[in-house]
Amino acid sequence: MDGQVKVAVIYYSATGITYQMARSAVEAAEEAGADVRLRKVRELAPDEAIRSNSGWQAHRLETQDVMEAEPDDLSWADVVIMGSPTRYGMIAAQLKQFIDTTGPLWANGALADKVYTGFTSTATSHGGQEATLLSLYTIFYHWGGVVVTPGYTDPSQFVAGNPYGASHTSNNGEVAPDHVALAATALTAKRAALMGAALKRGMAG
Amino acid sequence: MDGQVKVAVIYYSATGITYQMARSAVEAAEEAGADVRLRKVRELAPDEAIRSNSGWQAHRLETQDVMEAEPDDLSWADVVIMGSPTRYGMIAAQLKQFIDTTGPLWANGALADKVYTGFTSTATSHGGQEATLLSLYTIFYHWGGVVVTPGYTDPSQFVAGNPYGASHTSNNGEVAPDHVALAATALTAKRAALMGAALKRGMAG
Amino acid sequence: MDGQVKVAVIYYSATGITYQMARSAVEAAEEAGADVRLRKVRELAPDEAIRSNSGWQAHRLETQDVMEAEPDDLSWADVVIMGSPTRYGMIAAQLKQFIDTTGPLWANGALADKVYTGFTSTATSHGGQEATLLSLYTIFYHWGGVVVTPGYTDPSQFVAGNPYGASHTSNNGEVAPDHVALAATALTAKRAALMGAALKRGMAG
Amino acid sequence: MDGQVKVAVIYYSATGITYQMARSAVEAAEEAGADVRLRKVRELAPDEAIRSNSGWQAHRLETQDVMEAEPDDLSWADVVIMGSPTRYGMIAAQLKQFIDTTGPLWANGALADKVYTGFTSTATSHGGQEATLLSLYTIFYHWGGVVVTPGYTDPSQFVAGNPYGASHTSNNGEVAPDHVALAATALTAKRAALMGAALKRGMAG
């Protein structure tokens, strides 16, 4: 139906950590009543780099059927949730490259007035869990986006501990997201979906 | 009426530059149909420092009847617009001190789910116009706030040029905000008020 | 002697967590051969607020003999290490107020060409450990400072996990800094002191 | 000679604006006595996108003889100066992709203890001139870098106005860097080169 909130979960993942978080976001958004698209961004690394890392290669095969993100996924959505492992306190180049192709949509105003949020995973505990999300949100301000983060709006956030979004310490991909990280991702996604639905209702009348 | 959106404009100003921007925000929010409170934060500087600067002293007298902000102004509002001159790329200590007294409200969740935005003035053209606003918004994420900035949602933003909020280069308080800066402040405030009203309607029903 | 590197450790602490980190910084800088000043910034909270919190009151008494920071401590130093608990992802107003009084030094260039770094403590694990330090460093750029952080220059940083400086999760002041946090603070201070000494030697000839 | 400071200027430029700034950085670093490498990062955009933009195509031809950056250029250098147009308040994906290939150098500590700084160009006056540089510097903290910005260490900075580095408003590539922007780039580069030389001397003895 027309009033249903549309959520795009757009992510980059090398060895699958961020992908697991993305799936948690998808489930939570669907439970919140949203129509959800899960999309990976295009890989930039050469095949030989991927093949030299068994985890990377395995994950590529595991997600070969996940559709690649297109700019249209952004214009379609009411709510956009982006996820990326950190690369030195900033999103990975793969996600940035997708973002950098949105110029025409931005110029048309097609990215404005949507709800945006994010999630990330890092190698060490304070090696970008905050910085990656905060610098990602700077992008959304350029788009005229409405940024919604979990804050401490749920008691679980005092355990998960990141008011800027969901995050996980993977120890370089060796530690899968635990229930705390997955629940924080679900909370972030659910909150964004509900806020996006409320904003959509409110703007309509 | 109950459904009217409530906007709190909370600012610090030494010599009056930021105050002029605050007044522009108030007018724009009222024109957008909001019930508006204008509040200054408490001064921290000693009397002798203020008296030694004629502009500072004059502005204090000019605004002696503006009420001082109380934490209740935040819980009352649906939309909070904060303004401060930059002090080295960050809001002035006076505004930070007000913010730091909100712990009880934060712990109660009384700051969440509101729309937040900001404006600033700086001495030089790139001496904090972006950094002051972006670091201010980090605070709002802690509160569970919904951050709404102007982006490039209006053609005037390609002239004003700051997608993160309204800003002005004062050359150390010597240059009053021109029509570009005041219009950008009005746009920022109007957009926040309208988004706050939409979110309020949407969350109600 | 003239060539000895001078380090100022300037901090704000309410209940003593950040003070313990400051002491660790002092010890490490002294071990690295520096002449060190430990300075607290002036309290802004009213007496009644402090008295209503037993930990805050006790810490005030504990450190009544620590000298208050003056702007001259900054011009004296070759290396400045600042510490503050986070307040919503930003330094406390008390430290900001001290910083905001440095205008005359800044205008004279007396804050430039020094090494700067920082440490922080937060209530939850990702509630400002990165953002507080990164926004603090923005201030130092205004001063013409040279910012030196620990990065991952020591294996212990893969455990402590914050490349931007030293940090600790205090659970609202209930958990004292453990050896990991204190060692990270020491590493941060030692590295800043050594870099400051090298820069001083190098600039001298 | 062995003691000569080595400077790598690494940039991305689409239509040539950032390239002009890079050349200004090169000249200033050479005048400061440095051995300088100018390197462009690899293009990620498809040929058809480049060919559809006459300025982009012309610039590609103009700089076809500029060598592409390799990770070794970073380990070789004492001072690294990076430049990129903003893409939504963050460096372009092309530069990020180069940065993301430095994992092995980072893991070896080969990126630490160098001086880093940056420059950028933006479409509108406050559309990333600060945010692009500040988020770039977050990367350098991960590397154990020493970040040196111009601050207001030269009177010209009160005109150029960006204490975080050099920047230029290009109006989407239509306005070439003027003498203010080029002089600010030169100042930024010269200061980094001199600081890098001093640090190198100081660390050696």
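Chains: A, B, C and D, in written order; residue numbering restarts at 1 for each.
The criterion applied here is as follows: a residue touches a chain if its C-beta (ideal position, glycine included) is under 8 Å from a C-beta of that chain, and two chains touch if they have at least 3 such contacts.
All values derive from a computational prediction rather than experimental measurement.
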| item | value |
| --- | --- |
| Per Cα centroids, the chain farthest from subunit B | D |
| When subunit C is superposed on subunit D by its C-alpha atoms, the rotation angle in degrees, nearest 5 | 180 |
| Distance between chain centroids, defined by C-alpha means - subunit A, subunit D (Å) | 29 |
| Sites on subunit C at which at least two other chains make contact | 89, 106, 127-128, 131, 134, 138, 141-143, 152, 163-164 |
| Pairwise touch network: line, ring, star, complete, or other | complete |
| Subunit B - residues contacting subunit D, complex | 89, 124-131, 134, 152, 157-158, 161-164, 167, 169 |
| Complex contacts: residues of subunit B adjacent to subunit A | 106, 109, 112-113, 134, 137-138, 141-153, 163-164, 195, 197-203, 205 |
| Touch list for subunit D against partner subunit A, complex | 44, 87-90, 92-93, 96-97, 99-100, 106, 127-128, 131, 135, 138-139, 141-143 |
